[in-house]
Structures are given as structure tokens and as C-alpha cells.
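I'd like to ask some things about the structure below.
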Amino acid sequence: MPILIEARFAFHLPVPTDVLLQFEAAEIPEQKILANSTRLSTSEHCARVPAQDEIGERIWIRAEGNFEVAYRAKVELTRQLEPLENFAALSPHNMPGGTVEYLFDSRYCPADAFQPFVDARFSNLSGGARIAAIRDWIYDNFTYVPGSSTTATGAAESFIVREGICRDYAHMLVTLARASTIPARYVACYAPGVDPPDFHAVAEVFLADPYTPDGGIWQIVDATGMADPADTVKIGVGRDAADVSFLTSFGPNDFRSSSVRVTKE
Amino acid sequence: MPILIEARFAFHLPVPTDVLLQFEAAEIPEQKILANSTRLSTSEHCARVPAQDEIGERIWIRAEGNFEVAYRAKVELTRQLEPLENFAALSPHNMPGGTVEYLFDSRYCPADAFQPFVDARFSNLSGGARIAAIRDWIYDNFTYVPGSSTTATGAAESFIVREGICRDYAHMLVTLARASTIPARYVACYAPGVDPPDFHAVAEVFLADPYTPDGGIWQIVDATGMADPADTVKIGVGRDAADVSFLTSFGPNDFRSSSVRVTKE
Amino acid sequence: MPILIEARFAFHLPVPTDVLLQFEAAEIPEQKILANSTRLSTSEHCARVPAQDEIGERIWIRAEGNFEVAYRAKVELTRQLEPLENFAALSPHNMPGGTVEYLFDSRYCPADAFQPFVDARFSNLSGGARIAAIRDWIYDNFTYVPGSSTTATGAAESFIVREGICRDYAHMLVTLARASTIPARYVACYAPGVDPPDFHAVAEVFLADPYTPDGGIWQIVDATGMADPADTVKIGVGRDAADVSFLTSFGPNDFRSSSVRVTKE
Amino acid sequence: MPILIEARFAFHLPVPTDVLLQFEAAEIPEQKILANSTRLSTSEHCARVPAQDEIGERIWIRAEGNFEVAYRAKVELTRQLEPLENFAALSPHNMPGGTVEYLFDSRYCPADAFQPFVDARFSNLSGGARIAAIRDWIYDNFTYVPGSSTTATGAAESFIVREGICRDYAHMLVTLARASTIPARYVACYAPGVDPPDFHAVAEVFLADPYTPDGGIWQIVDATGMADPADTVKIGVGRDAADVSFLTSFGPNDFRSSSVRVTKE
């Protein structure tokens, strides 16, 4: 059953400004783009570059004045999913080169400091079973409170205040996964069921899969419980939210409005 | 004139442990490896994976007990270097996809917060001239004090205490460059002149170069003033020091000793 | 020439809640209260307790529903003021017991870390001359931007972003003074000239004065340049803003409105 | 049964330096000093000032070269102690003025941020019963690891790494108590049973006691479990460790040695 996506946002650039956009469903094997349409206001410059890990594209624009983005897509998902508990951990020494950076601390995910916590709290679990337990622990101990965090909030603060939005839930899961020596990245996405409807964010972890050439497979995990991994359309990935904003402005920018609608056909 | 490198380090693993090593001169166009030898203690497992940005390799081992690394290399450098002041800034909208992540905040480099500072302090400068001014500002305002920082120290703390080692100088430069919308990465390296002799770290910034297919070129910058970019042998690159340690242990590890000797033939 | 103060604020307590208020001009030798009037909504409980360093009072209330505070006062100031440059530093070993706590780190003022900075930047200055230089440095390097900081912002963050409001300016001055081994405290106050009119905050430093029994005297310093120390009416003092809020609620509280008017008769 | 204390420490001051010492058992009603002897190396200047909350004294010295402190005391304790569970919480609006500052955030105790955590974890408990539960939670979740923390470590970091020394245990308890609107301070002390023998630190909380003029009483709490409140000899109190170090040097200082011995007669 395809996923239908409609996203619009508008902003105003008081002076000519470079802006980086990343809002389109990524064309990757597990996501078949059946139809799509991207309309952008006219700009002095517009170029596409590949995004992180070659998942999706970023769009560079240089523009001035009012700028609007209107995006529609119909996406069929063929993601290979299994209960997390079915996956063993991949030993570090078997991890492919491209996953190694996802073991390390990043801006919002200071994983190293959390090693004693995960070792004590999830001591008897490993691999996917540990990730499932971490997901449930976050779900049980955190409260979803729109407006409770800012762009400065990282997992160290979230671990203390125990509230936040999808971004904070994803950072917390990424942090505790990396502290468990499981590669984890941040995924900007669209998903039906997100309430209030908005751009969404989840985590993705790399677990052992003997049937893949790499020896492992990325699996989506949403600690907010709002999105079903089977229905989640990836936009892009990164170390954490620092890497995959739908809008990054390199100069003054007045954000005006946004609306996101995601449904199953 | 080739650079001669001799590096040795030893550690003890009380139990079978996965360890990630990255200490060899990277084979990249600007670095010709004339001769080299890597000797490692025997291990249960040993595998090479490409390192970040395909610069150099990481070595995964799984081993127990005493482990020694002995590395020798003779490297000829053909790095294209010009005074930083000769380089203009590359407009963000012209930046290739692979450089975009180097604009963003990372674990030790919270660049965003430094925008007002760089805008005020280096307001009339851009591109390579700004980088040169940033390098000189760090050199003038920081004191090189071995032991003054820890693995928890990031550029926010260094900016306050104004002392540190090569790692902290590199983080500070990377941070202020990114705050200036200039892509910057962290480079683990060998260089003659480092005192006391040790593994070294510098920064690298991406500036406009109309003669390259990408429109830009990475240039090495060492705010400590100890290493000449012409003689600097890159081991690997990353967002910051979180990404390019010569030794990362995924379990208990007693570090025993290290020695580094770098000379010009 | 007396200072006339008019302050009003209102809030709503959805459930019976304990609230701490501190908004009245302190009765201290240098401040003669010529006339004053405090009107509070009725409350289940209302008690006055002495505030920090016996400067001013705090009012505990327990109330529910709408609560309003209306305060008017006419205050004559007889503060002993001299140019900061006239004051020498008091040697630490001569500091009275009550000033010692104002040498130490507090929540928003991590002074210790700033020792290398003040030693390098203000090396040739001591006592009042150093404080004047610190005040001028903050004034020159910071931008007053309402809304740029939050209640989580401390001097470490302000030193990086170099913008803030009176509270941040006061924290920065307190921090750099303590880093210079000069006792410094935070002062909540009223002052004409504050723009937009509001509760104000300044710093106070303890410098040598051979004519006092203590050997020293507190002097007001306002790095924002908005308030004249001669016209500044102290409400209360503390280590930093954590100690002297005009309203601290120990339960849910909807803040409704406030207005402050301070004039010279 | 009196407590016998023997403490010695030595340091070297390369240049004439001001130093603040605080190491003697405080003369307070609950602590009767039966005998004591303080021997200090000769110094250019030596003066005693009252310490925080008038509990104990601080000694200012100005000296150069080798400096030694030798302290012996015999102290009889008549502390009024009851199981924590017997104490109700004191309503904020009944708290005396001198306890109010112990509700607020301090350098190492960012209590505000922990409100959601204590509300969730200890929701059904108040007053002394909540403090007992907090003490037990820290004891159960933290590991005592000498050397695991530094003077920069606060309760936010300790809450994540879940290891530390007495100082960190005390900071954590103070933080969670204040987050529960219970005044809490940091107590430097001597106690038998501390292993390895050293200066010790515990927390003290202010709980309701209808038989006291203030309506409340301070009660010692040691989350490390090493010291019995009945045998704990207070040196001094403060907001946190920033306030009560046994040695604070305002200039270069080479610490040489210390030994502490505390026994019951």
C-alpha cells in the first residue's frame, strides 16, 4: 500500500542567501518512488548534490524574497523488516567501513559517557534484543512534549529532563545504541500516524544479517511509538539532527509556514 | 624530499577485545608511499576497511594479551599548496555533496554558536584570508600545554581556557571555519617538527579553486605552527577527533607505550 | 534626587502553589525608603523572610488563582561611589568571611575556567582598573539582544555567543571578576534608563577601601551601560540569577503580565 | 563515644601565595570539641574568618615555600537523629530565610532540570521518605570509583556516568533533593569508616521538625553508605563542593601529601 506525501513550507529571505533543502523521499532500493513532484520558487541558483551515505539528495538554492516549496510523492515501500529481537549484534571487527563513523560520538549524541548506564541497565541483552529494550525504556521514561526542547538540546540533556520530541527520542536511542557498540544513525522521514503531522525523525541501527554481503542490515527504530517502520519513508540520514535538517539557511531567514500530510493510500 | 615515519605502540588486552586501529599514511594522490612496513602482533581476527572519505584505512583486530604495532614508511608528498590568502571562499550553493557534512556541528566542534564571534572578529575577511586570520588568532591567543585537556574537551571549553594540545587547536580552527560557512575537517597526521614527537592533528578547509572539477580544494592548516603543510603526512580525516583516533578499544585496554619519529630524509 | 519606582506583575496559579517573591527596594543604609506601598492579592499564607546577605526580603506566599503584585516606592540613594579605577584590589587573605563565597563558581558563573583568559587579556591591570577594563570589554564585544538567551544560559555560553540581556552581561562580569580573585555578586535592581523598561540586573564587586571596617566596599558595575550606579536601587543580591528572581514558583504558574517604570523625581 | 581525628597535609608554594584552608571540626551545638590542636607552618599572614552559615571557620594564610598542616581533635557528637522516614517535608512557604538559597541551582547541582525525573521516579513519596528513596537509588545505581571524576564533574555528568566519589554522591543527592523542593547543602566532614581514609563529603537536607523554632532541622544523608550520620564530624557547609574545599590556593601550588585518620575512641 503506497504512502502519499504532501509537504509545503515557505520562508522569506530578506537578502540573497544560500539555503540547503532536504525534504524529498530518497530513491533507494527499499523505496520505489511511484510518482513525485517538487515545485520550488524561482531562484538565482539551484543544484542537487548527493546527501549523506548516498541516501537522497540535498538541494542548494540561492534566492531572495519569498520562497515556497511544494512537494508531493507516492512511495511504495519494500523494506525488509523483522522483529528486532531476531537480530544478533554484529561484532565490531566485522563491521564494514561505512558503519564505523556511526559508532562514535556526534554533536547531539555523546555516546561514550553512557557506557556504564547501558552496561548496567541492559546487561543481559545484546543486539536487537538490547535495542528493543532501549526503545521500550525510552518510551516508558520519556514524555512527548512539543516545545520542550530546542535546537541546542542533545541526548545528555534529554536523559535528564526525560521529555522532548521525535528528534530527542531519536537522539537518545542513537546514543544508547552507540554506547552499546551498535552503529546507529539519525533518519529524517515521513510517516503516517505522526501527531501532530510534521516532518518526523527516527533512529536506524545496524545489526547482524548473514544474508547480506555486508554481514549486516540497517533497521528503523522509533522510540516515540508513533511511526511504523514498515510505513516510514526516509528522506535522509546523518550522525544526528545536525546533518539532516529540511532547511538550513546560510544567512537570515524568516520561516513562514509548513504543513505535512502523510497517508496510506 | 621524502618523509620518514617510524611509529610504535603497545597495549595489553586483559580479555579478547575488538580494537580499531588507524595509524598508516593514507594512499592518496598527494601522498606516494615509497616504502612501508606494518607489523602487528598475532590476532584472532584482522581486517582492513576503508576509512572516512576513502582516505586511508582502518584496521579491525580482535585479540587478547599483549599487542604491539610497529610501522615504518617513506612517503613522498606532492601536495598542491599556496598561501591561504590566495584562495577565495566557495559559495555554499557551489559546494559538492561530500563537503556539506563538514559545515555542520560535530561532537567537539559546536560551530553554530560561534557565528556572532567570527562575524564580529573577522568581519572584513573571507575565504583563505579569513582562515589565515583565524589560524593566527588561535596561535596568538592559545598556549600549547601538554596535559591541559582531556578526551572530553571540545572547542567550547578550549575557547574559554585558551590552552590545549594539537587536537584542541585543530578543533578550534575547524569550529571557527565552519562558523564562517567554510567546510572544515580534522586530520590525523604525521609531521616532522612536532615537539614532543607524537601523533599530530591539524585542520583542513575547503576553499575555492577554479582549476579543480569540484570547484574547490582542501588545504591543510596548523594553528599550532609546529607542522609545515608541505611535510604533513595524512593518516585519516573526520568530523573531529571522535572519528580518527589511532586506537579505539571496544573493551578494557591498558595502554603501555608509544613512540613516534618523523624526519625528512 | 529620589528614584520613583512603579512595578506591577500578575500571574495565575491553577492549583494552590507556594511562590517566592522578591521585588521590593531593599532597606539598607545606602537606600532610604522615603515612601512605599506593596499590594498583593489575598493568599492563604504570606510571610517575609530575610533575603541573601540580609539585603532586602523575600516574600513567601501560598495562593491559588489570579495573583497580582503592585509596588510603588520612592527611594533616596546615598551610595558612596568613586571611579572604579580609584580602588585597589583587596588581597584575598584580607577578605572578610562574608565575601569568600563570592570568589567561587556558581551555577551561571563558572569563573575558574576563565583564569587564563583574564590573566592574558587584563594582565597589567588589577583591582578597580581591571574591573573597569572587563566592563568595557564586555560592552564592546557583546550585543544586547532581547530574547537571545534563556534561563539555561550561563556565562560560558554568553562568552561564545557574545549577545544577551542584562542578566547575561551581569553573569559575564561576575565571572571574569571572580576569575580575577575579586569577589563579585549578582544584583537584582531597579534603574532609570533601562530600555525597554524592566527589572534590571547588574554586578557588584568588592574592592579595597581602607576607610571601612571590613577593609573593602561593594561597588556596582553595569556592563550594559544602561544604568548609572548612582541611580540604581537594589532589590537583592545573590551568587547569580539563580538566587534573585522576582518570582519563583514551586508549581505550575501562568505568567500574565508585568510592567516596570523607574524615573528620577 | 568521642571521635578522634588526625589530619595532615603538605604543599609547596613556589611564590608568595594566598591560600584558604578549611579543615577543622566546626564548633557548633551538636559538636563539642573536647580537645584540639592545629599546627601550621609559619606564614606571613594568618587570619580566621567565619565560614558559610557560621558553621566552622576558614583560615586565610599568605605564605611561601613548604607549608604543612597538622590537625588533631577529639569531638563528642550530640546530633539529634531519627530515621529519615520520620520527617515530613516542610512547605516552601514555611521555610526560614537562611534555607532558601539551598533550594536553588548551584555550580555542580543543576537541580531544576531534574524535576521531571524526581516527579516520575519518586512520585508517591515526600519529605524524609523521598530523601531516603533518593539515597537508596543513588546507592543502588552508582559505583564508587576513585579517580573517575574531576573537579569539573557536576551532577549532570554523574547522573549519566553513574560513578564517582563521595563528592559526586553528595552532589547527586543535593541535586535530587532540591529538585524535590527540599533545601539541601553540601557538607565537608570527617567520618570513621571512610575507605580509603580521606576527607569525606555528605549531603544535608532540611526537613520539618515542629519542635524547633525554625520549624525544620538539617539531617545528614550519606548516599555512599560509608559514614554513619551519628559519627560524622562537620567541617563546613556550602552550596556544593565549590564552597568547601579543605585547600583553595590563589596562585600556583604543588600539593605534596595528605593523610586522614578518623576513629572512635
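Letters A, B, C and D name the chains as they come in the text, with residue numbers starting at 1 for each one.
Criterion: a residue touches a chain if its C-beta (ideal position, glycine included) is under 8 Å from a C-beta of that chain, and two chains touch if they have at least 3 such contacts.
Chain identities (UniProt): A, B, C, D = Transglutaminase domain-containing protein.
Small disclaimer: the values here were computed from a predicted structure and weren't measured.
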Chain pair repeating A-D, as identified from C-D, A-B or B-C when over half of the contact pairs by residue number coincide: B-C
Proportion of interface numbers common to chain C and chain D (over half same, under half different): same
Where chain A and chain C are represented by their mean Cα positions, the distance between them in whole Å: 44
Where chain A and chain B are represented by their mean Cα positions, the distance between them in whole Å: 28
Touching two or more other chains - residues of chain C: none
Overall pattern in which the protein chains touch one another (line/ring/star/complete/other): ring
In contact (per the touch rule at the top): chain pairs: A-B, A-D, B-C, C-D
Contacting residues of chain B [partner chain A, same complex]: 18, 20, 45, 47, 49-52, 58, 60-62, 91-98, 100-101, 104-107, 110, 181, 238-239, 242-243, 250
Touching residues (chain side chain A, partner chain D) in the complex: 113-114, 116-117, 120, 141, 143, 156-157, 159-163
